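These notes open a run of structures that come right after.
One chain, subunit A, appears in both complexes that follow, with subunit B as partner in the first and subunit C in the second.
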Partner chain A sequence: MARGPSAAPVDRFPASPSRSVFPYVFGAVLLASVVFSLREAQVDPRRFVEGEALANVARFVRGAFPPKLSRDFLGLMARPALETIQISVMGTAIAVLIGLPLGLLATSSLTWRGILHERTSRSGRWTLGFVPYALSRATLSVLRSIPEYVWAFMFVRAVGLGPFPGVLAIGVAYGGMLGKVYSEILETMSPRPLETLHAAGAGKPGVILYGLVPQALPNVVAYTLYRWECAIRASAILGFVGAGGLGQQIELSMRMFQFDEVLTLLAILFALVAGVDWISGRIRARLA
Partner chain B sequence: MARPAPARPARAFPLWAGAGFAALLVWSWHGTGVDPAALFGPEGLGQIAAYVRKLFPPDLSAHALRDAASGAVETFAISLIGSLLSVGIAAPLSLLATRTLLYRGILFEGRPPGPGARARRVALYAAGKATLRVLRTIPEIVWALIFVFMVGLGPFPGVLALGFHTGGVLGKLFGEVLEDVDPAPLEALQATGATRFQVLVYGVLPQALPQFVSYTLYRWEVNIRAAAMMGFVGAGGLGQRIHVAISLFHEHQLLTLILAIYLIVTLVDALSAYLRARLV
Partner chain C sequence: MYELRGIRKVFAGGEAALDGVSLAVGRGEHVAFVGPSGAGKTTLFRILNLTLRPTAGTLVLDGRDVAGLSDAELRRARTRIGTIYQRQNLVGRLRVVHNVLAGNLGRWSTATALASLVRPRGAEEAARALEQVGMPEKLWARTDELSGGQQQRVAIARVLVQNPDVILADEPVSSVDPSLAVTIVSLLRDLSHERRKTLLMNLHSVELALAYFPRIVGIRDGRIHFDLAPARVTRELLAELYAGHRDDELQLERLQDGTRPFGGACRPLPGFAE
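And now, the complex of A and B:
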């Protein structure tokens, strides 16, 4: 933010030292990490022009055009394309099943703090409120911090190859993200309707159902739809570890240097993503 | 948004929408072969339990820890440079993807571009939008495959892959921010006789910058997870080591690497949240 001389309230709040040092520390640390990371990531633009890089680019582009549009190939790819949609839908549904209960438990205003718990004893709040709250927060953090594909790998081990492990992987990883965001949405809701309901003598379920749910629902649905858009991309990726869908076909074609097939597959993915974006955008526009 | 909840108990969606949604679920359930029995039946649970038992304990030998640490550092580096590269790609392209900077809105009130110039600018906008859409529709991992093919194995193609995909995502978001800025300061600048470029630099960008930083930090959180995956197609980082550990059935080492992912992802999330609070 621009800090003009007139903007700083000098007299009342002597600029705290940490505040004034921060930009320099931040800049120095950022610069150091960038220099270090450039070396660590072996960034070297020369690799584009030396050796066979340019020839490879040419080979890729020449191979990709024209895209393969034979009837046989498109017919074969219809199933993986539909499978990608199915994985994303089912994965998101499971993510909601996991994220919603954990997210509710991970909301402090529902479990142990604030208006709903004024009459609960301290020990009751601790055992019935804070302990489940902390446990569900920790669970959500583990679920979302392990990337989808690692989950997919483990589920492939557990239930075998195919789309099902992909569904489970998206469900578990996105469940962790949905749960966290649901709890954030619920925490930021206005407490006034809750207080009113509470004062009118409503019990806890009533307060939640009539005070919280109507406020939170549009945001919750919008975020879930956004995650569905992400899931369609993720489900295309999970094919790379043997969990079905388009990704598997993209990897196969890439490994066989069939770049015309790759281009067709990318175009299909493009269409799927655009379609899902459009549907989800329409629904969100209606909700807002 | 926090609205004071007028009686609007989840405005019932039309019946057909509900029916369509149910049909979509059933269709997906069948298509993906969802099989709770396989997962929760004695056999599935037994298999999962056996696998989890095999993972424990994590391999904490000096060699495994060194390997995990160097993988984590490499992943961090890929995510950081990839995110910066994506800003470098997104920032110029987002200017093209902003209608209010190209041909309409208050910058062009009173002095609209001529019909020929306007057509050119609309075409420029369409091209910018299309480029961004292509960049972001191709998933990181496919970009990684392409770049591995072009420049060879190692973390560098991972950086490029993150930069290109995220560049497309951020370019779209940046463009939306630029279109949504408060017009009042722009009008004030214009009234003092500022040129379009001056309005952009002193009116639009200062308003947009905090949002840019916030979105970039958010994408960094996404990218650290993606960077941990790149290795599966030979683009370095923890993913490569995980791939090896899985292929060679080094389960204890695998758990060490998963713990490393958890740590580095949690660290970046915390760092990003701290910086967002500090900078924005």
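And now, the complex of A and C:
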């Protein structure tokens, strides 16, 4: 478009905001931390070709092929595979039971901040809002900062070997993760439907059921299903400390240098994870 | 119904959004609030629907000072005030029936509220409300599949189910096209008239306000600029009200030209001044 003679003189445009140095500082710090970590983490590809390294790898690969597919072995592994699924399902169920209530309490828009609390007294916001909020946040961080492996180790001491300590370990550690992510999902939901319900006299349960849950449901379900998938993998690791399932079998076979068994077990694990992924994909598609 | 004395609201770290608003609204009255954007109309409505606490001043609702209400009393008072917002404050993923029945949440127990999500309680009531806003066939539709105007009607149906004494409509037509705006404003006015409800409406369009409301309150910079019958709202008053707000001044020019975006569709209720 042609500019008419009345076009604004250039000097009347607002000056561009002064350039921030933040991107440069941030970039430099990032680069420095990678270089520093490269050295300290002793990343050195040459060690692959030194000494026995390649030979060991070759031994492992040769041992793994062909994978052990005998009827006996597969029949024997059906139970641990089922056990792995059961551990992951129960663990995730317990994680939801822990994560959902704590996650709701850890949602600031529900407990003490924002439009729902504009008329709440300062002391009410503090005692009934901020204190439970902070406590549940702290609890969630403790639960998830202790690795599930360590939880399993402790629960094995407490309740003995078998799948149960694995279930508890996944339940507790994943409860912490679910609660944290639930609260983050809930906090990013639009507050406007909540405000409307609140203004019409709805109590907190009503606001949650009709305003928050329907908005957040697809994300909450998707993340829970993702955690279920992780739980399958985690149950394999937990088997290493005697918490049952496929993991325990992998650990046994590794210790016996039965790499053909290990490969079969890994394939079973892969099939389980893929199956869970497929199921959760179907559920997510229905909810979208 | 409402009595406001020296209401002032200052948001954290900002200027006063409302600065000494005093106003009385009688039961069953219809009042339109006009004024440039940023004048404090929405803040006023959020104080009136008891979700925002004024920084200073007194708000009396039916003879009781709101500041003295307990949390339970506050909730009960809120059930008597129905709010319709500028943008659709509905939950898109819920079916229309649930969004409409949410008007009952102030009365329902948590168990009832939960049960109704599985099997709607009083779906006939929701259907009747939808019939009154002219779209009974949408009862089971998913709310986010409706157009903006249809969603605004769902919001009105919800307020009908809530059955409050006052309806506060905060720019209910600013996101719908002009012909629909007339329909929605007249729908709200007629329904409030039939059911003897107090109706307070924020309107961006001066033309709609003048045509449909017997009392016009002009708000500028957090203060009441005038509070008059439409016949006494002069061009000069409107020019002062919107001075310095370019878009709104254009609106006034059109009004004076006789170009009426809402056409001849505006018709006042019998008995109200034209």
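Assume the second predicted complex is superposed on the first by the 250 of 288 C-alpha atoms of A that agree within 3 Å, B and C clash if a C-alpha of one lies under 4 Å from a C-alpha of the other, contacts with A are read in each partner's own complex, and residues count from 1 in each chain.
To be clear about the criterion, contacts are C-beta pairs under 8 Å (C-beta built on N, C-alpha and C of every residue); 3 or more make two chains touch, one makes a residue touch a chain.
As the structure is a computational prediction, the values presented were derived from the model and not from experiment.
S.K.: Which partner does A:Gly203 contact after superposing on A: first (subunit B), second (subunit C), both, neither?
M.R.: Second partner only.
S.K.: Looking at the overlay, what does A:Leu168 touch: subunit B (first), subunit C (second), both, or neither?
M.R.: The first partner, subunit B, only.
S.K.: Could you tell me if A:Gln215 is touching subunit B, subunit C, both of them or neither one (first, second, both, neither)?
M.R.: both
S.K.: Please indicate which partner A:Glu195 is in contact with in the superposed arrangement: first for subunit B, second for subunit C, both, or neither.
M.R.: In the superposition, A:Glu195 touches subunit C alone.
S.K.: Quick check on the superposed pair: does A:Met254 touch subunit B, subunit C, both, or neither? Answer first, second, both or neither.
M.R.: first
S.K.: Figure out whether A:Phe36 sits in contact with subunit B (first) or subunit C (second), or with both, or with neither.
M.R.: Touch status of A:Phe36: first partner only.
S.K.: So, A:Ala231: does it touch subunit B (first), subunit C (second), both, or neither?
M.R.: Neither partner.
S.K.: Which partner reaches more residues of subunit A, subunit B or subunit C?
M.R.: The partner that reaches more residues of subunit A in the superposed model: B.
S.K.: For A:Leu263 in the superposed arrangement: first (subunit B), second (subunit C), both or neither?
M.R.: So A:Leu263 meets neither subunit B nor subunit C here.
S.K.: Is A:Phe22 contacted by the first partner subunit B, the second partner subunit C, both or neither?
M.R.: In the superposed model, A:Phe22 contacts subunit B only, not subunit C.
S.K.: Would you tell me the residues on subunit A in contact with subunit B in one complex that are also in contact with subunit C in the other?
M.R.: Overlap of subunit B and subunit C footprints on subunit A: residues 192-193, 210-211, 214-215, 217-218.
S.K.: Which bits of subunit A are touching subunit C when the two form their complex?
M.R.: Touching subunit C from subunit A are residues 115, 118-120, 124, 192-193, 195-203, 205-207, 209-211, 214-215, 217-218.
S.K.: Report the residues of subunit A in contact with subunit B in the complex, numbered from low to high.
M.R.: 1-2, 22, 26, 33-34, 36-38, 40-44, 47-48, 51, 53, 56-57, 60, 82-83, 85-87, 89-90, 93, 141-142, 145-147, 149-150, 153-154, 157-160, 162-164, 166-168, 188-190, 192-193, 210-211, 213-215, 217-219, 233, 236-237, 240-241, 244, 247, 250-251, 254, 266, 269-270, 273-274
S.K.: Please give the residue numbers of subunit B that touch subunit A in the complex, ascending.
M.R.: Residue positions touching the partner: 1-5, 7-10, 24-25, 27-29, 31-35, 38-39, 44, 47-48, 51, 73-74, 76-78, 80-81, 84, 133-134, 137-142, 145-146, 149-152, 154-156, 158-159, 206, 210, 225-226, 228-229, 232-233, 236, 239, 242, 246, 258, 261-262, 265-266, 269, 275, 278-279.
S.K.: For subunit C, which residues count as touching subunit A in their complex?
M.R.: So the residues of subunit C touching subunit A come out as 49-53, 71, 74-83, 85, 87, 89-91, 93-94, 98, 102-103, 105-108, 110, 113-114, 117, 155, 158, 162, 164.
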